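The next part holds the structures, each set out as structure tokens.
Each of the next two complexes has chain A plus one more chain, namely chain B in the first and chain C in the second.
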Partner chain A sequence: MGIDMTGTFGADFLVRWLAAVAEAVDREAEHLTELDSAIGDADHGANLTRGFAAVTETLAKEPPATPGAVLASAGRQLISTVGGASGPLYGTLLRRTGKTLGDGDRVTREQLAEALGSGVAAVAQLGGAQVGDKTMLDALVPAVQGLRESFAAARAAAEEGALATVPLRARKGRASYLGERSVGHQDPGATSSALLFAALDETALAEAGRTEGAS
Partner chain B sequence: MRMLINVPETVVADALRGMAAAHPELTVDVERRVVVRRDAPVAGKVALVSGGGSGHEPLHGGFVGPGMLAAACPGEVFTSPVPDQMVRAAAAVDSGAGVLFVVKNYTGDVLNFEMAAELAEDEGIQVAKVLVDDDVAVKDSLYTAGRRGTGATLFVEKIAGAAAEEGAPLERVEAIARRVNERSRSFGVALSACTTPAKGSPTFDLPAGELELGVGIHGEPGRERRPMMTSREIADFAVDAVLEDLRPSGPVIALVNGMGATPLLELYGFNAEVQRVLGERKVPVARTLVGNYVTSLDMAGCSVTLCAVDEELLRLWDAPVQTAALRWGR
Partner chain C sequence: MSGAAGSAGAGNGGGSQPVGIVLVSHSSAVATAVAELARGLAGGGDLAPVLPAGGTPDGGLGTSSELICAAAKGVDRGAGVAILVDLGSAVLTVKALLAEGDDLPESSRLVDAPFVEGAVAALVTASAGGDLDAVAAAASEAYAYRKE
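Now for the complex of A and B:
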């Protein structure tokens, strides 16, 4: 039952997505830390690696039955293991998205986009930031827009959004202390947010492959 | 970079195990990362709980004990602790009189303590929060996360902790903590960058022969870089930066703080210059504390924090305190 045939996917797909995210942040940890040491405090890679490893472990031990429950569980896990600003922010993103998805067994890409939209709104409210402040929102907001079209569009929009933070001046978080000196650096939070959507696209592609193989 | 560690992943847990061994008067939960004074909860008294990223020792664990904090929650190096830690700490120390969270103004700390306060209140614990934001190097504006919490944290924890020890109710302890923060300002200077265990190399690039004026306690940049200055010149710059913002009308308590890698020999020499400037500016100094209290791993440098005190605040400062790092009276 792949997403291309039915247009819906279940809890297992989201578990694979989060495992792919864990792999991606682990692979990119050094890069994230490098970006973070330029305008932050050099812990973004280590923190996300620790958090998503805990998420993967918990999901493997007790796999929730519905897509919403997978994301809510992952969000809670991030909040209680990551710390820093990224713990509450990424935790809230996934938890709110999971809650919005509700308890349906299967969801569509459009439903996921809708739910992620509410997750992103919760992040904006918690952090008091908006697009253009050189934060994760600069990748998340366009990514959710893109997801209404396709997984690939979401990925491209997130990566473009992350790159577009380079000329911006940070107004939130630790980078804001730099003022003008934050200009010219890519935001680590927007960069890790783009990894989420790259992993989502890859998981969807693999899912399509699985379906073809099965049919 | 050589460090006295085993592996970066266990530095915080290792330090907590060592702290537990050295301080039987503390209950240290190494796994859950909570440091609690052994006699908590103390009947009828408000309990102060603080926490933050590790790497600023003795802040906060070294300030747990009678007359100061009831509990501290250490996070990973330079990373805020998680809400579970603060909720556990609050539950361990609450006598029913309520808990005051002392929170340094960093996005991560603010978000995690906010979530913790909600969770603790769900468990029936009365929680108040005070935000410490004393670093004048940062412009407090819409375009920043606000001023950082640095040296004034020690003043808030000591003075409000003394009020709690005297049996003041939560509202009063909170009001005193807020008053201390409002009357305190800091300014820091880095002579070298710091190195986090996870990264293993300096977190920022400070060319030899230059210093960073207005540095934060995580090596965040400050106002400007200049060619190396003398102790005398640094004291002029730092004290004036603080006074310009604080404008005290009476006596102050001065904290001349080391960032971790500056020897006491240099810090005392710097204090002489700080006292000279304060004398020239006609600011009476009621008390002075010199040492490494709010540090930034192995950063070389110093900070100056002044708190404009009234009689009550000075009396509470002088009240007895028994913690690993601060200890006087009785």
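Now for the complex of A and C:
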């Protein structure tokens, strides 16, 4: 029931996406922490692993009925369990996205892109950052743009955006204290944001396989 | 915010309950010590309630929404809660909690102020009966005090 014939997604698809994100941040935790120790406080990997583990645990225990409710629940969990700036930032991203999706049973990719757009805008407002500041927005903004086209385009745009943070000078958060010394390092937040969209693409691919297998 | 609002009793709406103050730091030791400092410098008489919310529940450095919400409930007397924060995730977590709208007491407010000086100014003003606007204004005004 992930993707039906008309290309819409149910709550179960969003739950599988977040489970895939939890796996990805756990797998990449060491890499994220390594990037974060260069220009941050070396807790990004551990913080996200803890946060998304709590997300999947809660979703398994109390599975919400709609895609919007899945994301709202995940957002709340991240805000309350992460302990670093990524908690309120990713929490706000998912919660606002969930709120924008509303209480429909199924959503299209286009609707998800639209809702994620509002989530990204909320993140920008919360952190007071914009594209080019060497933050997660450098991956999120192009990813949402790409998602209007396809899951694969979103993934590619996010990964490209994360890589493009390397030559940038950080203007927000702890890394901004480093000034020029932040140049030459890939931003950990943009890197984890790219993991979210890689996981989304993988979940969609797996889902297409399931649907084909079933028909 | 006007110069005339300088007296400690400014903004006293006549309500008998004081504004509560929460001090959010990445470090439990910092939050606790600043609360202690503010109580010490605020002088005698009845002090408004002030509680620290520092670090993570396991004692590490970071920000805990759980500790923040517990502290806010602990100081809430119905006259509002002024929340002062140090930096980074402390700022973002309180903003995100306020946007969420149901975990913090109603009329909780993030106050834009220097952490140490703002805590002292907030506690003095709240203890003198200032309302939430007066407490927030006094704490923010601490930014204007230049040290050289």
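One rule holds for everything that comes next: the second predicted complex is superposed on the first by the 212 of 215 C-alpha atoms of A that agree within 3 Å, B and C clash if a C-alpha of one lies under 4 Å from a C-alpha of the other, contacts with A are read in each partner's own complex, and residues count from 1 in each chain.
One rule holds in what follows: a contact is a pair of C-beta atoms (placed from the backbone, for glycine too) under 8 Å apart; a residue touches a chain by one contact, two chains touch by 3 or more.
Note that this is a predicted model, so its numbers are computed, not measured.
**Q** Overlaying on chain A: chain B and chain C, fit or clash?
**A** After superposition on chain A, chain B vs chain C: clash.
**Q** May I ask you to decide whether A:Gly127 touches chain B, chain C, both, or neither, giving the answer as first, second, both or neither?
**A** Both partners, chain B and chain C.
**Q** Report for A:Arg174: first if it touches chain B alone, second if chain C alone, otherwise both or neither.
**A** both
**Q** Mind working out whether A:Arg76 is in touch with chain B, chain C, both or neither, as first, second, both or neither?
**A** The second partner, chain C, only.
**Q** In the overlay, answer first, second, both or neither for which of chain B and chain C A:Ala46 touches.
**A** In the superposition, A:Ala46 touches chain B alone.
**Q** Should A:Pro188 be classified as contacting the first partner (chain B), the second (chain C), both, or neither?
**A** Touch partners of A:Pro188: none, neither chain B nor chain C.
**Q** Classify the contacts of A:Gly68 with the two partner chains as first (chain B alone), second (chain C alone), both, or neither.
**A** Touch partners of A:Gly68: none, neither chain B nor chain C.
**Q** In the superposed arrangement, which partner chain does A:Arg95 touch: chain B (first), chain C (second), both, or neither?
**A** Only chain C; A:Arg95 stays clear of chain B.
**Q** Give the label of whichever partner, chain B or chain C, reaches more residues of chain A.
**A** Higher number of touched chain A residues: B.
**Q** After superposition on the shared chain, which partner residues are touched by A:Thr33: those of chain B (first), chain C (second), both, or neither?
**A** In the superposition, A:Thr33 touches chain B alone.
**Q** Go through chain A and flag every residue that touches chain B in one model and chain C in the other.
**A** The overlap between the chain B and chain C interfaces on chain A comprises residues 43, 47, 79-80, 83-85, 87-89, 126-127, 173-174.
**Q** Quick one: which bits of chain A touch chain C in the complex? Just the residue numbers, please.
**A** 43, 47, 76, 79-80, 83-85, 87-89, 91-92, 95, 122, 126-127, 173-174
**Q** Which residues of chain A touch chain B in the complex?
**A** Touching chain B: residues 33, 37, 41-43, 46-47, 50, 79-89, 126-127, 169, 171-174, 176-179, 181 of chain A.
**Q** Help me check something: in the complex, which residues belonging to chain B touch chain A?
**A** 53, 75-84, 106-108, 111-112, 115, 138-139, 142-145, 148, 196, 198-199, 203-204, 216, 218-221
**Q** Given the complex with chain A, which residues does chain C contribute to the contact?
**A** Residues in contact with chain A: 56, 60, 62-66, 88-89, 92-93, 95-97, 99-100.
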